[in-house]
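In the two complexes that follow, chain A is the common piece, with chain B as its partner first and chain C second.
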Partner chain A sequence: MVDPIAMPNVAGSDSPVVTVAPGWAFAAVTVLGALVVVAAVLDGALSARSSGGPGGAPGGAARPFGEAARLMRQRRRTTVQADSLLWRIGGAGLLVTAALMVAVVPLGRWTIFDLDVGVMWFNAMDVMVWALVWLTGWGANSAHSLVGGYRFLAHGLGYELPLMFALVAPAIAAESLNVGRVAAAQDGLWFVVWMPVAFLVYLLGVAAFSVGGPFAPALGSDVAGGVRAELSGVDRLVFETGRYALLAAGAAFAVPMFLGGGAGPLLPDWAWVLVKTVTVLSLLVWLRRRLPAFRPDTFMEVGWLVLLPAVLVQDLLVAVVAVWRS
Partner chain B sequence: MLADIAFWGLGLVAVLSGAAVFYVDSMARATYALALSFVAVGLQVLFLQQNYVGVVTILMMVMEMAVMAVYMVMFMGMNPALMPMSMVHSNRTAAAAAVLTFLVLAAGVLLVDWPTRRGSPPPDVTVALGEALMGPKMLVMAVISPVMVATIVAGVVLAAHRTRYDRFGDDLRRPTPDDPQPGGVGR
Partner chain C sequence: MDMAPGGLPLAEGGGDRDGLEMDVLEVRLGPVLPHWPAGLVLHCSLQGDLVTQARAEVFGAGDQGGDEADARARGLDNLVSVLALAGWDDAAAQARRIRDAALETGGGPSDPGVGRLRRRVRRSWALRWSLRGLRPLTEEEVRHHGLPVDVVGDTYDRLLRMVDRAAGGERRHDVRPAVWTDHLAQLVVGLDLAAARLVLASLDVHGLRAGQAEHEVSHG
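Right after this comes the complex of A and B.
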């Protein structure tokens, strides 16, 4: 071989963030796990409140722990001629995908994977969710869970393009696809202030790729639980954890893209990233309980006739501003 | 060294999962074996410092395979896609074509006088690739894309069972179209 192959990477020496040793990936996964617990506890507390205070729903804020303990002791349900390989890949993949998403999110100055096309990387990971949710629905060899898988793909065709073009806006303004540079480009004025449409569509996309809130019909009780109809025991626990992890990863990615990264007074930048992430995460958990479901068969038109033009106009405005500034 | 092992390992994954497409007996496994093959190729492209091209390959191919899963249930009559089925047909012709292609390509590898490298790679190979592909041919590319979109739209219009007269009436005066499948924005 004439040229030795170099390791892929890197945004160059003038990158605004520092790449830490790979061992810190464990710390990043721990932070992601803590965010999952925060989201699950908040979700439990909110559902206890909405069902009429203490005593209404079992557990409240402690529900996720009780539910985890129950699922870990539950015997695994088997179905006839299940495609177990694809089923397990789908169920466990959500958690892995969320971990790969946070790999490109800088915690203040530190990042694990300073990829020069980090925004595209995040986008590629959220497309992986399409495959994984459908595989979970397929693997059980059950009609209801397969219907759930197709419901998710029907939603996906509607939400994915608006989400992609929502991610384009900060990248145009920062003139970079590197997440650290996008965060650094918001010196003084956060992108959320002058690209609110892109931010809202992005949040909708996060709710969508975590299969929650308005995009929960894929797991609907009208199809016996949809994708997770036959999931039981630890498999179900890993799937649910993966959904919360995707929600948390989406909230974390919103911080460098729209909310100025680690910028803020008094606290160090890593603390600001965590504060903002928890705030966005709480907002998402609360909001996705309040929104009505989008019907999978009609959402496509909402996505392509309302969301997509709105976010394209947003991109155009951002592009005009970017050209005018340079 | 580590990068070399990873690069060749990914190459092996790409070839083996590509072969698995024809070996497995389930449409879902074949589809996602092909997706895995493309993901491995996309990761290999990252090692060639073409980060954008590599990540876009992963993104597009995973999405394409997910959409293929939709089509395979929509259009495969009697749903063989949901049952175990063979992924191969016309075995003799296919084997002959494969052997012939391999021989031609292998002969090309051995017989062609490969040029030696002149100069050195530019600092940003993605920009260089983009300019080499698009630079002098931007006008052609800009013309081809609307033509391709128009072809797709025309194809769908010609293939569609219902016309605008079914939707808007014989004099096209109906205010809201009469569609079997209602849309999401009140039409």
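Right after this comes the complex of A and C.
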């Protein structure tokens, strides 16, 4: 008789990754913080370059540090009848969500949290961003930030399903939702090579849940900064850091999902994970500057009529290959 | 409904497009906003982010004057506005650089950067997709609203013409007629806030006049 309590061996002997002590979570957050700095510095340098040389924009690569110092000294401002609790949860939540995302990303062989459904975990976290951005927009009790919240939700309806189905492709091919196993399943051939559509849609999704680039209308200057219109001082710093952290976490998650995890010559596997993460992150920071915004009221058309069918066809092809191989 | 927590009156409900009731927010836009015609005040009723009613006023009306170099810089400013409102900060920064250069050199020959910007704007499929079909204006509507003839077409057409005007450099008819504020208000009703801002910027407004065009008044 089958014991109903017996679980499939979750982090068992055949797992390709080793779960490290929980204390290492601090190290993971430190790495995430370093990636945030890399992304912010690169973004600052690129925006200084496009505004035309040294005289153009203040700071350049040093801008994030100056901005952080400025925000830390700025007095916190509040609005009449703000829903402070929800507002703060939304603003601080992005950073927490990004940290929870990287918890399931293996750094070479080590992982903080060897979850059997790690891919779903990541997906759940990125859906949580919906609530957090909306709460930030809602909590301030300001028309402009509320409009920003609406805009993000409108984008969300367009990008979330394609993103989910993009994450499905590697999981089907690896026949597992465990992030470590997905990485291990790419022995010899990275998933990015034979599922490029899923990879591109995934990158678009990362830009979207970090509220950046073409998905920045929720923070548009036409609505005084949108969702973050009333955020000031440390609150704003935490919110902006959270956005970069989500971008970095999205880049890090692409490595085990599409780019073969720690596979690579010469360097140890943990170093390869970092090199690939920084590469994807730089690509995202650079690419998202190149595109104009997708208007929230019409993006759904693209999301559901172009991206969703494309990524479903990709899933179908991957599924056929997976069946044929087994 | 006269409840006012914290001194702010609660939003009143109103019928939405889909027949359901939705809160109506009264929001004033202007007179000073980034990427906004200076002096224009738009009293909007918003449902969600949809402009359901708008009433226009103008502060410090009248033609903004200045010489041709100023008019050219103002045109480039409006180009910066459209690009920035379209969420393309990179191209907006490029246009702003051209504008600064134009102010420095006065009415001199246009710099080669304009050609680069023009090619970049024309090449962007994402920009085209995003602005195509946004508030198209027929010739008749343009006459009716007392707008310059070169705003015929949708927002994308208008943007291309703005870039062309910038690239064309120092032509005499760079000075554009002032626009009647009431007509601006009529143009943005039914659009969401982002689209309304884009449409207003794409009209390349150089000066504002309060009220409405005279032939409108005679119609009653």
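Remarks
By our rule, the second predicted complex is superposed on the first by the 315 of 326 C-alpha atoms of A that agree within 3 Å, B and C clash if a C-alpha of one lies under 4 Å from a C-alpha of the other, contacts with A are read in each partner's own complex, and residues count from 1 in each chain.
The rule is short, and it goes like this: a contact is a pair of C-beta atoms (placed from the backbone, for glycine too) under 8 Å apart; a residue touches a chain by one contact, two chains touch by 3 or more.
Being a predicted model, the structure only gives us computed values, none of them experimental.
Judged by the touch definition given at the top, the superposed model places A:D116 against chain B, while chain C stays out of reach. Contacts of A:A25 after superposition on the shared chain: neither chain B nor chain C is touched. In the superposed model, A:Y150 makes contact with both chain B and chain C. Contact with chain C, but none with chain B, is seen for A:S47 once the two complexes are overlaid on the shared chain. Applying the stated contact rule after C-alpha superposition, one finds that A:P292 touches chain C and leaves chain B untouched.
Residue contacts after overlaying the shared chain place A:V38 against neither chain B nor chain C.
Touch criterion met: A:G220 reaches chain C, while chain B stays clear of it.
Contacts of A:D83 after superposition: chain B is touched, whereas chain C is not reached. Common to the chain B-facing and chain C-facing surfaces of chain A are residues 146, 150, 294-295, 297-298, 302.
Residues of chain B that touch chain A in their complex: 2-4, 7, 26, 28-29, 32, 35, 46-49, 51-52, 54-56, 58-59, 62-63, 65-67, 69-70, 73, 82, 117, 181-185, 187. Residue ranges of chain C in contact with chain A, taken from their complex: 5-8, 25, 27, 33-35, 46, 48-49, 83-91, 93-94, 96-97, 124, 126-127, 129-130, 192-195, 197. Of all the residues in chain A, the ones that touch chain B in their complex are 1-2, 4-8, 83, 85-86, 115-117, 120-121, 123-124, 127-128, 130-131, 134-135, 138, 146, 150, 153, 156-157, 160, 177, 294-295, 297-302, 305-306.
Those residues of chain A that touch chain C in the shared complex are 47, 50-52, 56-57, 80-81, 141, 143-144, 146-147, 150-151, 214, 216-217, 220-223, 289-298, 302.
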